[in-house]
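What follows is a group of structures, each given as structure tokens.
Okay, so chain A shows up in both of these, paired with chain B first and chain C after.
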Partner chain A sequence: MSDVILPQRSSLGARLAKGWARMKREHIIFVLCTLGPVLALFGLIRIYPIAETIWLSFYDYHITRRRNPFVGLANYAYLLEDGPFHEALINTIVFSTFAVVATLVLALACAVLLRSIEKAAPTYELLFYIPVVTPWVPASVIWKWIFDPTYGALNYALSFFGIPRLGWLQDPVLILFALVVVSVWKMVGYFVVIFGVGLRAIPEELLEASELDGVTPWQKLTKIILPLLRPIILFSVVTCTIINVNVFAPVYVLTASAQGAPAYDLKVLVGEIYSNGFVYYHMGYAGAQCVVLLLFVMSLLFVQFLAFREKN
Partner chain B sequence: MTRRSGIDRRGVLAGGVALAGSALVGQRSAWAADPTGGRLSIWLGYGETAPAYKAAIEDFKQLYPNIQVELLSFDLREFEAKLSVGVPTGNGPDILTLHDFIFPHYFNNDHLDEVPADLAKVVNDPKIVEPVFRDVCSREGKLWGVPWWKGSRAFFYNLDHFKEAGLAGPPKTMDEMWEFAEKLTKKNPDGTIARAGVSLRLTDGSGALQKFCDHYFAMTGHQILEAGAKPGTVRVTLKDKDCIDGGVKLLLDYIAHLHGPKKVDDWALKHDAQGFANGLASMLFREDWVVAFIRKNGPNIKFATAPVPRGKAWGNFHLAEILSVNKSSKLKKPAWDFIRLLQGQKYLDIVLQESGWVPLRLDRDFSAFLAKNPEYKAFLEPIPGYQAYLEPPNTAYVECTTRTGDVILAAFRDASLLGKPEGAKAVLFKAYDTAAAILKRSGIYSE
Partner chain C sequence: MFRERSVRIAAWISCTVLALFTVVPVLWIVATSFKTAAEINAWPPTFLPHAPTWANFDEILTHTSFPRYILNTLIVSTASTISIMITSSIAGFVFAKYKFPFRGAIFMLLLASATIPLEAYMIPVYIMVFKVKMLDTFVAMIFPLTIMTFGVFFMRQVIMGIPDELLEAARVDGASEMWIYLRIILSLSKNGLMAIGVFAFTQAWAQFMWPLVVVSTGDMYTTELGLAVYQRAFYTEYGPIAAGAVISIVPMLIVFVALRRHIMEGIATTGMKG
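Now for the complex of A and B:
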């Protein structure tokens, strides 16, 4: 049998069977020993909870109650008439859209600019990265102080321009944008680094050649850089979307009803799931909301993969 | 139709919580097989009462030298969440410190141990504990907890602000309260409010509904949520004929004082106890603990407390903290002994001094404390004709008040409702529908 493997058009099943047949016993044992524990752990801490959550969503499961009857699709039916859930869904979509677009556009702009100052770029990347390693809770607490309507730095700064005091966290609209600001501040550094890596992978000769051909900077960006960054952009859009659709900690901290600085109770999807599960004890209904969130995120990712797929 | 076993599901829940990192530190004390040894655990949602427990632990060690007491305190909502997962899964604490809102969850599901006869005798004596608090933890003639302290709401007012506005004393009626608030409000040159005449609760649905309900009681003589005809059920009074006029007037008064020329408070102003302690509000409705908070955070603020202004009715809201023992605890006797210890004057004094919550034992003497701390007058001194009321047992309390409160809060922001009784009525009816739907879903709705 030849050692050379030629690419052939065959079904995935056939290819797997062929590969399996070629593997020696020792290889199989090695693969099982190395991948087995990881897969088992993945199944236990990822797949099983998801399966259990889906199962739970068909029960009227109340944490403190002994009798928790099967209710079929009733939890899903209730989602259609649950006003706070609809509000949370809309807020999450609006917030995620603004946060994803603002984060990625800003990160890409910073990364492109940093490419022009090659020597200083690592220092700036480090500075941009500091918020990324700051945990969400202390970061949110800092922003809560900044947004404080009476003593906050933001209102103080705006007062020099004659702008009257604003309730950044008390106004139903402003709080959404305040949250976008916090999210962008927190995540932009991560994507600056990711885009920076992508930009460094673009061959210098290609860019130099384009300059010799007389392309404008805008054409260079749109016709050369962005197409070549497509896989990096896809990764960034997917990651950023997942992070922002699952937003919870900053909302929880920024709207926490601490004495004196209570904020508008901004509803987001994960917050609603938390409230229904652990505050109102409707664990079954919270399970149904989790399933909807899962499907929602997966649909978004599917659309994004379709939009960014490589064209032959 | 099949139903999965509760044990399986609880196991899954416990595992999930542990994986999420939200399970409590430490093992369940119920593991201890020896009733004179092991770990007795206590979780607190009102951490400010911890000093009393810590003092009692020292004396408890004399009784049970081999038992280690584990005292953990959490933010109130976190405490409720941890308890709701911990107790049904057998991972809860030995001593349950339950406020009256969440007590029904644990009683209804048979998680509580019956109070021993000697303690029950004390609680059942109206000369020692007011019957209204005994009733909260009694079912079918049996007691399932010992009411320990109460929180009640009173009216706080800034003495300097009142003097400056030429006001001699606290308002006696609701109309007077609004009138005083207008006089006390200070505005910036740009028209924004610099100092609120009265700090109203404008955020957090549940808290907002509670405070709105204080005034609703004064205006209508009813609570928004009242006990239904059948035990354990709840009825909503927002559509009651004798409540509609008072409710509508109250909502319109709130809106009139949040928008337009009569404005006395604003969302973008520091609120609540902190706003009052910073001198940014002249009047406030809050519970006992705020006295200690103002002293600590606003030492220069001169203030006094008074009963809540009256309307059609006169009374104030109370909440009660109840001490119960977990039915699955292996240390029931030591747990009850710990609760017995906490009834001592020494520990009750600590609760009062450290937290401001008022112990429920009528046979204990707090006159020396009151003489030194006159700000507690409205909380400690009995006032003839002043009616104490509690929330009815309600297993959907938090959800019901949060969602209904959200409807009321949205109306506060709606300036188009100014002077429109029909609009205000529609809001109250919507609030009714919201509350009724939640109660129906929880199976505790009463007409």
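Now for the complex of A and C:
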């Protein structure tokens, strides 16, 4: 696995030998016997499948066939003309953008505000965290009933403001916002806690000193607190985006079903991967869609890595 | 951070509103699970049940395969938790305390793949499981959940805090490396290992995509899968569905409230990584 990283094979062997020579024999045996199996497992369920996904995307792969023809970029060419895929991609991007912005703005605002009522902060963080430990499926079940057009609590609450009943899960636009609400509800507590960690690390003396200099609270926030929080904000944007781009369980629960309530059949990226790969068994094509997802996630991580290195 | 009176008032109001937003839906489903079918379909909706009943729990626990799903989920989550606790602590120990060639490079590779979601590479994992004819088994369900990169990272962090002198002293007394791991490292990193155990358990318990893909017979369903499929098929029977959702949420809440200090410490480490 290590030769993936180092380009020069000749120096690799030499460095390996030198490295091992510095260690005691019992230590070498212990490291090989303990880390070896863990790394093997890691290779088998992480590294190999990621590489294999890319390989698959160049084949017309069917799981029960003996021979799977190489099709080059045909799967990728089909991505360009596949209508449902485009729809899924647009929905995923729109949903993720709204969900990430809403979650993080809300979480940041509350995390900052919580620092001025520090004594109550642990209790609030506990309450905010309840949806985070709620698995996605029951979370979506809860919200499906709240959004229900006939019996739902949301339409009931809106009726006080004279708003007529809306089909939250039946309308192709409203369902996206319903999904955003579920996602914000589920994840906001996690990011309140994450931002809380960053905010607590800001030395109080720094803020007190700035007060003596006559800085207004708004300047304190925008000129001192937010710049110091930049690494954590970046981490949160990346994490929150990855979570939302992968949205699937709430879509599965909230959208249309054969026998259940009629709802709009919203398409998202992972939903397309699921139906192409595991309903129609077009695994090569689903592989190409996975590569799109992989590229997106990897580019986010790369941006984070670059920013992190810049900081050091 | 801010001592202005107006900011403090704004903090109380907005945090209370957010807390209501996060807590009320969960309370609402708990209340609903104790309502009769007539009350659930009543308009206007009620919040607290007028005549609390166990009927919904009775329905889902005796007339469906839900108990079987719970058992399956417990088996998968427990096996995954044990595996992750073992692999994380031993790999964390080796990365923290031994200098071996390419340690940094291997660790970076491990970390880089940490955030790549299972959804992006599940097809080859599925093909692997298919080829060894293991689809629809516990082995298949547990397989991708046997290691956790964050666990390795976290345990390494915890074990780096254990002084080297302690290990050296044990070695002078003739202790083997395995003995050091079992007797010194494990007992001194107990709290961290607990946190990882909780993470692993909740992660496996909440898993939905992977069971959906590898499980095909009803007998192997997990609670999440059973709940999702059941609510699609019997949407109108909201009472039993609400009871099922409560059954799926409550263990997570108990674990979280009981061990929240460990969990919050763990999250703090994730944040520090960024």
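Basically, the second predicted complex is superposed on the first by the 252 of 312 C-alpha atoms of A that agree within 3 Å, B and C clash if a C-alpha of one lies under 4 Å from a C-alpha of the other, contacts with A are read in each partner's own complex, and residues count from 1 in each chain.
Note that contacts are C-beta pairs under 8 Å (C-beta built on N, C-alpha and C of every residue); 3 or more make two chains touch, one makes a residue touch a chain.
Every value quoted in this text rests on a predicted model; they were computed, and no experiment measured them.
After overlaying the two complexes on the shared chain, residue contacts for A:S299 are found with neither chain B nor chain C. Legend: residue contacts after superposition of the two complexes on their common chain; A:M283 is shown touching both chain B and chain C. Legend: residue contacts after superposition of the two complexes on their common chain; A:T216 is shown touching neither chain B nor chain C.
Using the contact criterion defined above for the overlaid structures, shared-chain residue A:D265 touches chain B, although it does not reach chain C. In the superposed pair of complexes, A:T97 makes contact with neither chain B nor chain C.
A simple residue count on chain A separates chain B from chain C, and the partner touching more is C.
Once the two complexes are overlaid on the shared chain, A:W145 sits against chain C while remaining clear of chain B. Residue contacts after overlaying the shared chain place A:R66 against chain B, while chain C stays out of touching range. Judged by the touch definition given at the top, the superposed model places A:P49 against both chain B and chain C. According to the touch criterion, the shared surface of chain A, contacted by chain B in one complex and chain C in the other, consists of residues 45, 49, 52, 56, 63, 150-151, 257-261, 278, 283.
Taken in their complex, chain A has these residues touching chain C: 1-2, 4-6, 15-16, 18-20, 22-23, 26-28, 30-31, 34-35, 38-39, 41-42, 44-50, 52-53, 56, 63, 106, 109-110, 112-117, 120, 124-131, 133-138, 141-146, 150-153, 156, 185, 188-190, 193-194, 197-199, 202, 204, 207, 217, 220, 225, 231-232, 234-236, 238-239, 242, 246, 248-249, 252-253, 257-261, 270, 273-274, 277-278, 283, 286-287, 290, 293-294, 297-298, 301, 304-305, 308.
For chain A in complex with chain B, the residues that touch the partner chain are 45, 49, 52, 55-56, 59, 61, 63-66, 68-70, 84, 148-151, 164-167, 170-172, 257-265, 275, 278-283. Here chain B touches chain A in the complex through residues 1-4, 6, 9, 12-13, 16, 19, 77, 80-81, 84-85, 87-88, 105-106, 108-111, 190-192, 202-205, 207, 266-275, 277-278, 280, 293, 396, 398-399, 402-403, 406, 413, going by the rule given at the top.
Those residues of chain C lying in contact with chain A across their complex are 1-4, 7-8, 10-12, 14-15, 18-19, 21-23, 25-26, 28-29, 32, 40-41, 43-45, 87, 90-91, 93-95, 98-102, 105-106, 108-110, 112-113, 115-117, 119-128, 130, 143-144, 146-147, 149, 152, 176-178, 181, 202, 205-206, 208-209, 212-213, 224, 227-228, 231-236, 238, 241-242, 244-246, 248-249, 252-253, 255-257, 260, 264, 267-268, 270-274.
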